[in-house]
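Look at the two complexes coming up: chain A is in both, with chain B in one and chain C in the other.
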Partner chain A sequence: MTAPLTGSQPPRPDSAAPSERVLLARLALDAARDVPGVISADAGRFGTRVTADREERLPGVLATALADGGYAVELYLVCEAVPLHPLAERIRERVERAAASAGLAAALRYVDVAIEDVVTPDETGIR
Partner chain B sequence: MAEETAATRVTSRGSGGDGGKESPLASQRGTTTINDLVVTKVAAIAARETSGVYDLGGGAARALGAMTERVGVSMSDDRSRGVSVEVGEREAAVDLTIVVEYGESIPKVSDAVRENVIKRIEGITGLSVPEVNIVVNDLHFPGDAQPEESRVS
Partner chain C sequence: MTLLLRVLARIVVLVLLVALSLVGLAVAVFSIQGGDRPLSLPGLAEQVLLPEAEDDVGDYLGRVEAPGPLAKRSALAGAGAVLAGALLLLGVLAPRRERLVVFGKGTRGRLAARRRPLARAAEALAAQVRGVTEAKVRVRPPGRVRGGQLRVRVSHPRNQQGREVEQRVHGALAPLVESAAVKPRVEARPRKRGARVE
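Coming up: the complex of A and B.
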């Protein structure tokens, strides 16, 4: 005899909490987007620059486990045509601050920033 | 040790070798990579904003650009036509094909383009620009770009 489908089943477990890798990717992406001069993240032509788990998909960021147990974060961004080196430093600082306030500073090894495209003022309406 | 790691990462990603010197875009906290498209676009914008430059690109590229514009199709590389860049870890070399307004001094316009392209690329990307090669492909006469009037009513 089969058990009824409802009532006697054990409660369904809540979805698993995101891994440290996904948490780092999410906070890095959010932090980068908050930096003035950053327009958007870019998943690449084939959409492969993505960190994902069952719950969410984060385009334009790759968080990768390293041999020492930490994680490297790579951000692929479209930015305004401003001095890009200082902008990348501001992004890096913002990500590191966000990781520190989330208690993940020890897990973050380095943040690579790739500027994939720049957008001029007359293009901002297009994107 | 970490410095070595960062330098290795840059070297493996860079599209050109620069004699092993460390890139200004690398730090122990991570690297900054600037796509060739970014340098191309900055060079194109810098060239276009220089007085005396009418357009960029060779005849075929401009004809195609004009046609796509006429039919309302925006090509993604319209903005970067006439520009070719070679980007290394610390430097970028730029080749430009430009059309100059008739009556302007080509040497003066070329110098101004070169200066502006170097200034913009160095300012925005942090890459140094050792050379900007310019080909003046055509001269533009006033009225050249006027749309042709229809011969029939």
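Coming up: the complex of A and C.
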């Protein structure tokens, strides 16, 4: 299992404004990591699942432009051993809410969630 | 290993395609003229020493037909070539990545999980069930023809009823496999004598 990358680099103050795609990716990643049960995002074995924009790298999230002008977001996550279907629903709700707050609701088409790894209770030391 | 075979297969394919295109180009160029002229196919055969090659290969094939060390070496080389071809085929045909188990696909998006994390999640849930001392899970993702399966094997003390343990494990797994493309199959067995209880 690759070591999950937990942080996204904040943009430099003097950089140009990030694109809508990068904004959505960042919102989705931050929203997903705040959901209870989600431990971190995973950039994959070769670090290819990354949204990059100038100085910023967002591991574990891909935002893809669609033909109709909207964006599809894919999240690659490491989570606890919880029911996955409700977890994915909570993640989607948070991402949609975050996109709406940022005025990007119309740009977000759908959110795919891929569970890359599950950390069991004995590994987290919770129980 | 599969990754290495895949890389090798791609390199070989690239080299063969380049060689094939060069041969095609040469044939095209040497088809401009006919007869015995320089830019003709007989001219090309002369350029690549085909008549001499024909003599050499003819001699070689004659020696291969006769019993002897050359025949054995040729047979081994042939077997090696077949094996190399089979390995390259494996590199081309082997699945690219671990198959995902798709839980659901709707207008809001898709949920999928890799086999190993799904198995670990199922093991963790099954191990928490009362009466379960050990849990092992294997995931068979859905294929083109048959559906996926979550094979769960749990151990329980002898004073527990296997069927009741199985039902409890089914209940524990229900939230995990709900709307997933895998069906759980639970098998409960009494713990073997002498096995340690953790």
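A few comments on the model shown:
What we mean here is this: the second predicted complex is superposed on the first by the 110 of 127 C-alpha atoms of A that agree within 3 Å, B and C clash if a C-alpha of one lies under 4 Å from a C-alpha of the other, contacts with A are read in each partner's own complex, and residues count from 1 in each chain.
Throughout what follows, a contact is a pair of C-beta atoms (placed from the backbone, for glycine too) under 8 Å apart; a residue touches a chain by one contact, two chains touch by 3 or more.
Bear in mind the structure is a predicted one, so any value in this text is a computation, not a measurement.
Annotation for the three-chain superposition on chain A: chain B and chain C clash. Judged by the touch definition given at the top, the superposed model places A:Pro36 against neither chain B nor chain C.
Legend: residue contacts after superposition of the two complexes on their common chain; A:Gly103 is shown touching neither chain B nor chain C. After overlaying the two complexes on the shared chain, residue contacts for A:Arg92 are found with chain B and with chain C alike.
Once chain A of one complex is fitted onto chain A of the other, the partner contacts of A:Pro83 extend to both chain B and chain C. Shared interface residues of chain A (contacting chain B in one complex, chain C in the other): 73, 81-85, 88, 92, 96, 110-118, 120.
On the side of chain A, the complex with chain C involves touching residues 72-73, 81-86, 88, 92, 96, 110-118, 120-121. On the chain A side of its complex with chain B, the touching residues are 73, 81-85, 88-89, 92, 96, 110-118, 120, 126. Chain B makes touch with chain A in their complex at residues 6, 9, 24-25, 27-35, 37-38, 41-42, 45, 74, 123-126.
Note for the complex: chain C touches chain A at residues 100, 103-104, 107-114, 116-118, 120-121, 123-125, 175-176, 178-180.
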